[in-house]
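So that we are looking at the same thing, I have put the structure below in structure tokens.
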Amino acid sequence: MIVSKCTFQVDSSRKIFVFQKKISDVMDSPLEKARRIFHIDNRTVANVMSEFYSTLLLLFIGIGIVHQFDLSYKQLNTWMQINIGWGLAIMFCVYTCSKTSGGHLNPAISLMFYSLGKLPLSHVFYYSVAQTLGAFIGTALAYTVYLDQTHHVLGGLQIASGPNGTATLFTSMPALHVSNTIAFWDQFVGTGFLALFVCVITDKRMEIPPGIHALLVGLLIAMIGMAFGMNVGYPINPARDFAPRVFAFIIGYGWEVFSYHNYYFWIPIVAPFFGTVAAAWSYYIFVGFQIPDQPQNYIKEDRTDGDSVPLKIT
Amino acid sequence: MIVSKCTFQVDSSRKIFVFQKKISDVMDSPLEKARRIFHIDNRTVANVMSEFYSTLLLLFIGIGIVHQFDLSYKQLNTWMQINIGWGLAIMFCVYTCSKTSGGHLNPAISLMFYSLGKLPLSHVFYYSVAQTLGAFIGTALAYTVYLDQTHHVLGGLQIASGPNGTATLFTSMPALHVSNTIAFWDQFVGTGFLALFVCVITDKRMEIPPGIHALLVGLLIAMIGMAFGMNVGYPINPARDFAPRVFAFIIGYGWEVFSYHNYYFWIPIVAPFFGTVAAAWSYYIFVGFQIPDQPQNYIKEDRTDGDSVPLKIT
Amino acid sequence: MIVSKCTFQVDSSRKIFVFQKKISDVMDSPLEKARRIFHIDNRTVANVMSEFYSTLLLLFIGIGIVHQFDLSYKQLNTWMQINIGWGLAIMFCVYTCSKTSGGHLNPAISLMFYSLGKLPLSHVFYYSVAQTLGAFIGTALAYTVYLDQTHHVLGGLQIASGPNGTATLFTSMPALHVSNTIAFWDQFVGTGFLALFVCVITDKRMEIPPGIHALLVGLLIAMIGMAFGMNVGYPINPARDFAPRVFAFIIGYGWEVFSYHNYYFWIPIVAPFFGTVAAAWSYYIFVGFQIPDQPQNYIKEDRTDGDSVPLKIT
Amino acid sequence: MIVSKCTFQVDSSRKIFVFQKKISDVMDSPLEKARRIFHIDNRTVANVMSEFYSTLLLLFIGIGIVHQFDLSYKQLNTWMQINIGWGLAIMFCVYTCSKTSGGHLNPAISLMFYSLGKLPLSHVFYYSVAQTLGAFIGTALAYTVYLDQTHHVLGGLQIASGPNGTATLFTSMPALHVSNTIAFWDQFVGTGFLALFVCVITDKRMEIPPGIHALLVGLLIAMIGMAFGMNVGYPINPARDFAPRVFAFIIGYGWEVFSYHNYYFWIPIVAPFFGTVAAAWSYYIFVGFQIPDQPQNYIKEDRTDGDSVPLKIT
């Protein structure tokens, strides 16, 4: 019936054909039938589900990477694979959420988007809970995959810290010569760089193709691990650090995972929130707000083309 | 003659010129002449040929990578190159099939597409046979390239397992301290992640540019090797594991390649089929089905542009 | 009111809708309100701010990478991560400036653009000062993050050169067997390759999508470090080498950071200026000027499509 | 004058404005003035110049990578950087030629394009000479950059082969346990994979965005080095192997660089020509010719969009 009303030029009517074709395609496929059953209309619930699911996947993969690194005595993974592997894990998990919640996977990033006026405060809370829950379950799943290897290497011994400490399989345990002040600054800086370049990547005025946003975020994680991974191991994510710490506590590492290093555990929870907000705004003040607008009566011809010349249309 | 009928606006007629130009180009070139000789009209045959050819290439390259790793005592390749190298091999082989069969290269992935209603069950069978045959021949070809090196290092000795075992040149042989239960779970998980993110990448609602789909699949393989490569060496593909195992049996490794580790050999054949289907559906239920549709009377202006605003056309 | 005047075809009017939607969006968001406060109209000031900010970020990250490399005795970073890490740092910092100053981050690159007639000479001066200042502050910030680690490893000793010399944490200190002549040639070559391929990447006739320009520049840096990093450690940037050298002088490494190696310090400041200009012009003479124009009465149909066929429009 | 004749719809006339703007831009800039002086109208000469220049750059960078690898006793570069570094070098050199000669950089690839009917035989000859000359000069330039390091490490001794042999700084010198038969097969296979996937990448029916073709070729080189680099070090390019061998002969390595390993030197010159042609045609027969055409009266709506649906236009 849309076509019958069509009085447009050829160029427009073609689009209508496309549109109709798609609707019919959608109706026929089994996947679309299942979609009608499982689809949730409430966007908040759907987005929270996405954050839960993706953070679960992220920790499932990420804790797997760390286990492979530690349990093989750095024979199978080196620090390079910690960087690249976590980067790829973030990349795929952000892609997963890219059309629903956007893929924060990190309470501090959610807070940053609130501070920029792009997310309601209530969502920051919902997302954070979902992310932390997902991180916990993801950690547990990764643990099961490496159950035999862990038993083989640790022999049942679960010592949190010290020369034979293995809580680093799950969470950050800084060396004794790093003070908590520097640890806080380190987490502020590391998470700050994450937030800063996430703003660069997603800034619409930057015109970076959305199809590679997640790819760039993955490379960003790798870079942070190469530059600021030495002090405490770049958790840069409250959910990623806290949930596995609770898991380590439960499976027998004991209270020391919290008390170690003068109760260091709160630092990778709190510092990232300050880091993301400060860094995001520093970006906007120094660069983001300074990107020139296109003149009001000009339209860029083709936004994917660097050569394009703005054109008067009036 | 098409042009003579042309009463369209300039914008449309331009397209017609393009079209005509292409037909004439096609007629003239020697490659197109050869195409008319070799082109097979039956799409099933052509797709099966593609799967055979690409899985052959995949194992030719991949077994080469493993040989270089093992035969140089990890001097020329490290575990990093196992990850990156296999990732690149998958990437190029998926690109190769991207316009014919799609590049499954893996019976478990073919089954997943069947479970999603995107491939007839008969094709799963044809593809699996082609993939396994291709994998066998690819293994044999890689073996010939490293014939001298193999003889130099092994000195003719072909011991399947144990401290001097070298069947890992071809197929997965897990360490003794990894139980078959964990091996099954490991293969379920590893292949699951493969399937899950393949669904993310190829989901049309994700709007990831098709030109980088294969690139992302390559990175995905690398990531799985960094996270879940330690237990059994991430075969995550029944054809990739079984065909070289048969080849190893034939060239003299003996029955032990099957009987080792309490007849472990069936695990990387069976577990992936469960893993791919379960993971694919978990993705669709948690995220894929929740991606909002564009409103029915809206059309996105430019799908490669994140800024684009849906527009009423009625 | 624009729409009311609209007498265009549907295809054009759609664009106008897009345009109007954007203006209203912009007005509402908190970020855009802040933009109206912080926006600087003077383009020169804004661009100089961008260069300052991005070079600050670059050295903050880059000096962090080098510290992690040296202070962990190459356990956490290897030479590979020096290459990849600096490459990623450049990439993100170039993306940051891509819509303001363009992201030179390097006085020698600014001079190159002047020699190509793309930047006024005065801007080369402003940019160079901003880049050097930014580099200095970025170095200082990275230093603070690794304060504890530095103290732990060096124990307060700050020896510039020799077997226990650690000024390489900040700046280039070539080995004794490399003459200053070779060092000059090395810096000429290294910065030359940087400039040459920056010209390739940004040459409009190359039609490389602008969204991946910064990505390619990052890979370029990594490549230079793999090919020409051995002689003096590829500073290839006067600001990157000089500012941290001054910082090292200030924090106690003493005059030796300048006098070492027969006053080598001026070489990575001066050689890059010659290298960039010579290499850029060599590219244009051998290749850039030889890229054929599209015939005057032809327009490429779709510039992102390799298949596209030029079409007569007259 | 074009505009004055303009009676097209807005959509078309916009394109004309773009066109005019570009011409005037071009006229004004200093770079375009220089272009009018240096531009060579003869396309064959221009393309040969491109091949010469880019192969020079390729060897300049590539020989630098190998020198850094060998002269630092694998401390600064590992085999991984040989793979990635050469890959990046190829990538940038192919980008450089992408709008002139296309960037073969390899006589065997030029022959392959002849066999596919895409290059006249005379051009294969011209290109090969230019590539070999460029490779020679590039080698010489890289040698000068590492003059001091070479002298420091070798102490003036230039021994071609054996435990202290260093001719591998320039050219391939296979281990004694690799027969020349296997070496031939290895070069046939290695160059074959290069050619095969170059055909995949550049096949128009594959619709891979041209802006990432060179990137993929770079990754391809890295992959070949990971899979088939062990036997003779993957020269896979007659120009890349022969020219530096002549250079090594001249600077004092003596006749042994040719006579070594039973006059192996001709193998990486001859085998690649067979490998590229055989592999390219195998690709077209198994896959390339089987890619289905779009139906004659259908036009794809948007070729960068995987969702696009062919539409009738008649």
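Chains: A, B, C and D, in written order; residue numbering restarts at 1 for each.
Throughout what follows, contacts are C-beta pairs under 8 Å (C-beta built on N, C-alpha and C of every residue); 3 or more make two chains touch, one makes a residue touch a chain.
Note that the coordinates shown come from a computational prediction; the quantities given were computed from them, not determined experimentally.
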item	value
Interface numbering overlap (same over half, different under half) for subunit B and subunit D	different
Rotation angle superposing subunit A onto its copy subunit B by C-alpha atoms, nearest 5 degrees	90
Between subunit D and subunit C, distance of the C-alpha-averaged centres to the nearest whole Å	26
Shared interface positions of subunit B, touching two or more other chains	9-12, 78, 80, 207, 209, 212, 304, 307, 313
Interfacial residue positions of subunit D with respect to subunit C in the complex	2, 5, 9-12, 15-16, 19, 23, 29-31, 34-35, 38-40, 43, 46, 49-50, 52-54, 57, 60-62, 64-65, 67-68, 71-72, 75-78, 80-81, 84-85, 88-89, 91-92, 95-100, 141-142, 144-149, 151-152, 204, 207, 209-213, 215, 303-304
Touching residues on subunit B, where the partner in the complex is subunit A	8-9, 11-12, 78-80, 83, 116-118, 177-179, 182, 185-186, 189, 193, 196-197, 200-201, 205-209, 212, 216, 219-220, 222-223, 226-231, 282-292, 296, 299, 302, 304-307, 313-314
